[in-house]
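Both of the next two complexes hold subunit A, though its partner changes from subunit B to subunit C.
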Partner chain A sequence: MTGNSLDRHVPLYAQRTAGMRASAVRSLFAVANRPEVVSLAGGMPYLKSLPLEAVAAEAAALVSQDGLVALQYGSGQGIAELREQICQVMSLEGIVAHPDDVVVTVGSQMALDLTTRIFCDPGDVILAEAPSYVGALSTFTAYQATVVHVAMDDDGLVPEALEAAIDSVRRSGRRAKFLYTIPNFHNPAGVTLSAERRVRIAQLCREAGIPVLEDNPYGLLGFDDTVHRAIRADDADNVIYLGSFSKTFAPGLRVGWVLAPHAVREKLVLANESATLNPPVFNQMLISRYLAGFDWQGQIKAYRQTYAERRDAMIGALTAHMPAGTTWTHPEGGFYVWVTLPEGFDTAAMLPRAVTARVAYVPGTAFYHDGLGARQMRLSFCYPTPERIVEGVRRLAGVLESELDVMRTFGTGGAGGTVAPRQVRGPASPSPDTA
Partner chain B sequence: MSDRHVLVLAGGLTHEREVSLRSGSRLTEALRRQGTEVTLRDADASLLPWVAEHRPDAAVIALHGGRGENGAVQGLLEMAGIPHVGTRSHDCRLSWDKPTAKTLVQRVGFPTPNWITLAHNTFRDLGAAAVIDALIGALALPLIFKPHQGGSALGASVARTAAEVPNALVQAFAYGDVVLVEQFVEGTEIAVTVVDSADGPRALPAVEIVPDSGVFDYESRYTAGLTTYWAPARLDAATAAAAADLAVAAHQALGLQDVSRTDAIVDASGRVQFLEVNVSPGLTETSLLPMSVEAAGEDLGGLYLGLVEQAIARG
Partner chain C sequence: MTGNSLDRHVPLYAQRTAGMRASAVRSLFAVANRPEVVSLAGGMPYLKSLPLEAVAAEAAALVSQDGLVALQYGSGQGIAELREQICQVMSLEGIVAHPDDVVVTVGSQMALDLTTRIFCDPGDVILAEAPSYVGALSTFTAYQATVVHVAMDDDGLVPEALEAAIDSVRRSGRRAKFLYTIPNFHNPAGVTLSAERRVRIAQLCREAGIPVLEDNPYGLLGFDDTVHRAIRADDADNVIYLGSFSKTFAPGLRVGWVLAPHAVREKLVLANESATLNPPVFNQMLISRYLAGFDWQGQIKAYRQTYAERRDAMIGALTAHMPAGTTWTHPEGGFYVWVTLPEGFDTAAMLPRAVTARVAYVPGTAFYHDGLGARQMRLSFCYPTPERIVEGVRRLAGVLESELDVMRTFGTGGAGGTVAPRQVRGPASPSPDTA
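Up next, the complex of A and B:
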């Protein structure tokens, strides 16, 4: 008689699958999707403001007029017309680029994967902000890279901290393969890299021979209509730029892109073909028609206005309801507010209590490679209405009050407490709800 | 083939929603393979109007935690006149509350690890340090701390030192205001499914659980490959019979109906001790009941279809 582990492939799995496990924290997001719950967890764009009827007509016309192309295999680099339009989109951020250097990918998540694939061997170091995007950390982990986090403040990545991290990695005999950064309306931190720091960081990385992987899904979603100049705009040789239509149009189409120096682009095209043969032609052509035939910049303005109202609702509610000692960032664009609770809180361990109270967030530990972030959480304001956001924050305040009550009882909440930090793991990989 | 229309309820707004969705999906598939018409639905605001309109022949509750196990959904189905597989609503509450279940099983003469049930406000009002000292003094380490209701080991943890106790309590209180503190018994963890038949309740072969990590927590339960299961359990005949007796006794003492799963531990002396019982056992790919059914040489869909007919016959 032999026991059954229910998975006879266990001895065969690659080492990189070791972290792919069921997670109690992740399972709680199944509840977050229910309408009874105010989900401040998901980074889902508010698609209701899209001209859906018109997009539907465009999709129908695409099939009837160009179906033989749209439904066929396509180029591994992406269709030429869309790549030209992508260059026009990027020109809003000061980027001058040739369509030949653009590779269309299955969302910018795929671009992240491909870039990591072509640069990183197991054990290589990637520099990333502290905190950083959960989906990027998941990809880096899948390629068995080590993430070294670099501190941020209200003006984004701190150049002095980057310099120190580069030195430290070098002294340890390891090699940093690139700096991963989200300069605009950071996910999850909500902050934006100042113009001066963009120049300094580009210079530091160039001098150190470390490429910059500039991930910019939120760049056009600045609430005061400011479009920040991309790092790539001033450094075409050492910056690999990732863009996406997920936040400015529709994430369900899964179309993003990477703009890279010529030699890197060649490898990315081959890697893209190896991974997917080609990005979906129909989706690319639909986006191309959307960019050509619709006031897409007007749509982005509408998004900005919607998200600005929601940001205001969230900041107002946080100000009204959060306990003393709680701090949060003030995003000027994008989707997220990063909240830091007083000492002693553990947002991953607290999540069941929040779900019971019908509110959800993403625990801070999800955004660190090294287990930090226990008393932090990401709140998204992109999807719920302002009224629901206020209600969600009010519920969250009740959760914090109950948690504080337990903490007071058991003597945690600062130095001298009797409760050690709890070892509760955050979601190790993004579900579509937390991306 | 069956001409029945069966409602399978899964999901719900509990911490175990994801597990329940997987259970419901698996059960639906198993019943459909039997040729039964099945509607799989969430327990939400649209449920009761749907039931009133469609009047299914019977319902199977694959909801885990909360309303699926505390009798609420059972009670609503009973009021709507829809026969359902499983324990009657009033009886559900006895097994749903772990300390109550332990008390009732102990009363009929079966062993269960010593325990105490404590609410958060007991610690707050009497002083956490004093209460912790008292419970360590009375029960002795190691101790296991569980939310008094709920499953899938959510919020449960073992404290082997006094320093670990506050942490374990805080973790359990994240799932509710009352905690079951129990002596932690080292031994062989087993689960015994009991099924009602015309001849009375019968125990299916026990399943033995050996998690790689030593702890059968959420990760070990729902990640295939992290736990080794033995079905039937590697027990000698006397111990296997004792396990079956315990599970059947718990089923009867708690007034359970159709199907239940008793979790127990075989301690170092070979004694089988009751831990808890489940009126809506998990039916996922990594769940214990389906393994037990397979070890008995039976089919999950066939078993549940028989229970559906039993429920309809009860009316």
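Up next, the complex of A and C:
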């Protein structure tokens, strides 16, 4: 039995499952994970610079010294010591907060889920940047919320567009429950919200009675060591802040957090308990020991340097190889470059041909609720080495050239299956690539 | 700012938050966790028999040998090796399953959450034993489902009562989305579903088109080493099975799983990704190493022996000290005894007086959706030593005697605050108790 054709449970599923769909590119990414493919698709941090031996010793000490606590059930809000340390981490961004208002979650994805859970009934509106984080869009859809995208430019979310969106939603009789925004080194757009706009956007949302959900996984990964002031730093009452150790330490422990106004925090704790009883105690205590015993800010500096080199490699390769009319953002931190191809390209239709040419990316449509983004793509520079990044961009350029050839011949883009993968010509001399 | 009186977000919350309420006894349990109180309330496993030094070494080896995988993002379904081992664990209960149909979750609480998420729209009915697991009831309520309780007796869920409940729900025009059942060493009731009834209940549900959600955290903790055959073992198409390492290894890692028919499993993976991206890879790999490298079945035998001694201590103390007219179940495994007091008692109203007398339990009403259970309570024998259990039951008996005195004098129970905590007489000679 495969698929749903024989699924006797179909009459029993909740309505929300209609919005839960496997990504159309999921099967492709299984191929994209093969070592011969340069994946510019994933957002996996590059962990090789972690002090693994020291973390190993710390994990052992945790079990042997505090195992009866670390391996036991714990608090639905998270352990107190880690919540205090989280407040110290957030203070780097200008945030003054009390550990009582922090809730530890299974990655900040769970914080996204719980926040949506407590705010959104089916049909409610969530305002979000255009484009926006694919994992957030999928959570919002799972709660049957409607995403209304708000335009960005090189300085991030555009306040005038936000104002217009708030008005438009209000006029349509719907409710905007929050604004979801990634102010720093945006995923996927790679841009950063300017300081002036932060003030203006916080003000607009406060006046409209719409909380800001500030998602900040990359905030400490600014390549010139700049740490931008959080929106939350200047508005404790109307901003719900999401943080994560996935990019500054390691994602495999799944430890994130949410900082929320007191009454919201109370509801988030209840929702957290209902979802998981409590986040894993072991993971929280290991991160707490890491923060207490290691130069974690030094580690973040090492990450910044690694990613800055890779960003430079990617921007250099794009400049050298992309066809005329292609544009891209210039991230000052984080993991991603957002590329816009000339008219006629369809990055989703092109992806199988790119994977055949041994390079992968995420098509732009994944980052929109409404089908936009057809000639855009997200390129990640976090995981491959600079040499692999350059090779990947070169392969991608070869795929684009082939597409352009087809367009010149047939006067159409690759969409609609007019170009089958086997017709694709790869780069001139594809070399075996298993690094 | 405390509480919701000044909460500016009130107009923004989702309707489901109306069903998310802090337990009325939460603040009491903060007191109950003081060392001088014998807590017969919690369901914490007794971890002292774990091979902590060996687990510590395994955790260190995992980070230093496989840290780049263990600390990285992973699959939303869980790692393949652990899913294979989970199938081996389930084979002890007669289950034949493929690892493809297993989804690893953040404890089986998350599996409960995801299963409810994919099946239940607001107003849908979930059938559940009376009484039922408090954490499941809170999840069902968070999804705005309606719980319809089905009677149990000493042999577990009563098939005739199930049949009547199915009919009644159908006649009322509502939809029962699944039957939630804990067949082995029930939480809180302590009883086990007979083999004959398993067959009958599976048949009834199959005929009615209602899946069975079989929750089995305690199944391997039978005190006479009996492992009951799972309902899932004889019905792969209509049973969704939940398992957990929290009681057979350690809850602080939060690793549970769900085994589901293929099409349901596909939806659960999507929901898991939406909720957490993936369960923590480190935790899965550590448990996988534990299962591969240790005599985990020997560890389960050690747990069984510990809990059997404590069950005996509790049953002996109840027999020796409980007032006439009190009854209790006789668990053959698991963590819990379910106690029914004579007419007139109100265990929720009595709890503050019990905590004052330095003993804690969970009032019966917590385990019902509908306010029943007023003269019942759940006593846990998993965590305190046998000596502490005996002392706890003795203290509880003292509280019950005091209540009886009041009832004899005023002709009423302790409900409604007629007996203030300071009026409680504790056991004759309460000794300092900080063990």
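As a working rule, the second predicted complex is superposed on the first by the 402 of 435 C-alpha atoms of A that agree within 3 Å, B and C clash if a C-alpha of one lies under 4 Å from a C-alpha of the other, contacts with A are read in each partner's own complex, and residues count from 1 in each chain.
Throughout what follows, a contact is a pair of C-beta atoms (placed from the backbone, for glycine too) under 8 Å apart; a residue touches a chain by one contact, two chains touch by 3 or more.
All values reported here derive from a predicted model rather than from experimental measurement.
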| item | value |
| --- | --- |
| Partner chain(s) touched by A:64 [first = subunit B, second = subunit C, both, neither] | second |
| Partner chain in contact with A:96 - subunit B first, subunit C second, else both or neither | neither |
| Contacts of A:320 with subunit B and subunit C, given as first, second, both or neither | neither |
| First (subunit B), second (subunit C), both or neither touched by A:22 | both |
| When both partners are placed on the shared chain, which of subunit B and subunit C touches more of subunit A | C |
| Subunit B versus subunit C as contact partner of A:30, first or second or both or neither | first |
| Contacts of A:355 with subunit B and subunit C, given as first, second, both or neither | first |
| Which of subunit B and subunit C A:7 touches, first, second, both or neither | both |
| Partner chain(s) touched by A:411 [first = subunit B, second = subunit C, both, neither] | first |
| Set intersection of subunit A contacts, subunit C complex versus subunit B complex | 1, 3-4, 6-7, 9-10, 13, 21-22 |
| List of subunit A residues in touch with subunit B within their complex | 1, 3-7, 9-10, 13, 21-24, 27-28, 30-31, 34, 36-37, 349-353, 355-356, 358, 403, 405-412, 418-420, 422, 424 |
| Subunit B to subunit A touching residues, read off their complex | 13-19, 21, 44, 120, 123-124, 128-129, 152, 154-155, 163, 166-167, 169-171, 173-176, 208, 210, 217-219, 221-231, 234, 285-286, 291 |
| For the subunit C and subunit A complex, residues of the former touching the latter | 1-4, 6-17, 20-22, 42-45, 47-48, 50, 52-53, 55-57, 59-64, 67-74, 106-107, 109-110, 113, 117-121, 124, 135, 138-139, 142, 175, 177-178, 209, 211, 237-238, 246, 250-254, 261-264, 266-267, 270-271, 273-283 |
